[in-house]
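In order of appearance the chains are A, B, C and D, and numbering begins at 1 in each one.
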Amino acid sequence: MGITLAQAEQAIAAAKAKSTELGLKMNIAVVDAGANLVAFARQDGAWLGSVDISIKKAKTARFFDMNTGDLGQASQPGGSLYNIEHSNGGLITFPGGIPLKDANGEVIGGIGVSGSTVENDHTVAQAGASGIN
Amino acid sequence: MGITLAQAEQAIAAAKAKSTELGLKMNIAVVDAGANLVAFARQDGAWLGSVDISIKKAKTARFFDMNTGDLGQASQPGGSLYNIEHSNGGLITFPGGIPLKDANGEVIGGIGVSGSTVENDHTVAQAGASGIN
Amino acid sequence: MGITLAQAEQAIAAAKAKSTELGLKMNIAVVDAGANLVAFARQDGAWLGSVDISIKKAKTARFFDMNTGDLGQASQPGGSLYNIEHSNGGLITFPGGIPLKDANGEVIGGIGVSGSTVENDHTVAQAGASGIN
Amino acid sequence: MGITLAQAEQAIAAAKAKSTELGLKMNIAVVDAGANLVAFARQDGAWLGSVDISIKKAKTARFFDMNTGDLGQASQPGGSLYNIEHSNGGLITFPGGIPLKDANGEVIGGIGVSGSTVENDHTVAQAGASGIN
């Protein structure tokens, strides 16, 4: 099913380090290739509402193998995927979710981060994705 | 877990007084720091659909420690948090939900009011928040 | 729609007094004749899981105009209403929910109490029902 | 909100160590005093269906401040809490969920473990609970 727990924990550790460096409080979720939760961490004081959002971002990124923010471009009113958020028990389509790939470029899971601006969420998610060896 | 029942009842009493003063009929909900319901009151004749809305407003305000209307600014089409309402089993992001804070500014819960215009909902929620000793 | 907020608050006050007298911590919910929430209170330290249970007890009592414990007699394996709990988004069929009636015996709502043994839950619910003038 | 992320990670590390020692593959979830998720880990190859079960066990343990297996004793057919599982969006009432307490005995959260027999689930949850400093 792709990512191992050890790799997911590397991603979360790297995301936590970046979040702390930026003075933020984040929820961080990692799912595997089957879009099932592998690891999760909520930093002390992070928004409670972002528990679910971070998990949904990670799943959304793996559901469609693209950054959540890219999907959100197409889900706007008039867009080709308008209101796709109604599927799969609720998607989150703003930035902060990124597919995770192995050295061959194959998708092995997804990471989702929520707790600040979407720019910060994406930055921390990228740090997490880059932290996997 | 933050707010006590006695404080929640103060908030509801103050909100009810303001609602009555304005000739309105409101649903008023208070949640604690864990976003769990502490107290609720529906004034006679208030909209039935606003039971759930008032509870969701109170939870949303605590989920993100901000007024629900502020969140709604960012969840519009094209906004950075478009369709965030699909998370957490349903958020309400128009005015009427306010985080409740103690004397040190720490969030101890949230209040949500629904039953009139969003301006009136917000005014009554503010009265409730101010009613806590 | 039956019960007024003033009456619901009488019921909750009477239930709280009985709960305190018995040294308990209860969640107390009152619904109207339409099975919609009118008032709710969670005593400090009461079980979080009983928020939903108390509301479901109040609704269940009004849904079928009988004590929840009576319904539970018939929902056991082999019983005529086996697993009726799957309906209506989830019923609770053990004691603690009681229909509320006016002086003419007409059902005007329901009260649900949860936070202790089912015997205590029922006792406190009865005190609440008896507290309405 | 009770437990910190650092404490939750201690609990998960201790639970993982015990699971590995016993040759098992577990899902491990920790919630805070508000029953909101703080940390989660799924060991490689652990049952996918146990993601949700471990989270529900952790929440159930905090919802009622007791071991999930104790609740399950009372929710059997004919028991006083028959079919309580229909509340709170689904409870899990067999062993593997334990409330987490601080040095003063106050509940600060809950841990839920799922992936093997309920005896093993409970053993690993206990190891997790004992791992908090």
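Simple rule for what comes next: contacts are C-beta pairs under 8 Å (C-beta built on N, C-alpha and C of every residue); 3 or more make two chains touch, one makes a residue touch a chain.
Here the structure is a predicted model, which is why all the values come from computation and not from measurement.
> Are the interface residues of chain C and chain D largely the same numbers on each copy, more than half shared, or largely different?
Since fewer than half of the residue numbers are used by both chains, the interface counts as different.
> Any idea how many Å lie between the Cα centroids of chain A and chain D?
The separation of the two C-alpha centroids amounts to 25 Å.
> At what distance in angstrom does the C-alpha mean of chain D lie from that of chain C?
29
> Just the number, please: Cα centre separation of chain A and chain C in whole Å.
It comes to 42 Å between the two C-alpha centres.
> Chain A: which residues touch two or more other chains?
Each of 48 in chain A touches at least two other chains.
> Could you classify the connectivity of these chains, where an edge means two chains touch, as line, ring, star, complete or other?
other
> Using the touch definition from the top, list the residues of chain C that touch chain D in their complex.
47-50, 52-53, 56, 72, 75-77, 83, 85-86, 90-95, 117-118
> Give the list of chain B residues in touch with chain A in this complex.
Within the complex, chain B contacts chain A at residues 34-35, 60, 62-65, 77-78, 80-84, 86-89, 91.
> Over in the complex, which chain B residues touch chain D? Could you list them?
Interface residues on the chain B side: 1, 32-36.
> Using the touch definition up top, name the residues of chain B that touch chain C in the complex.
Against chain C, the touching part of chain B is residues 4-5, 8-9, 34, 36-44, 48, 51.
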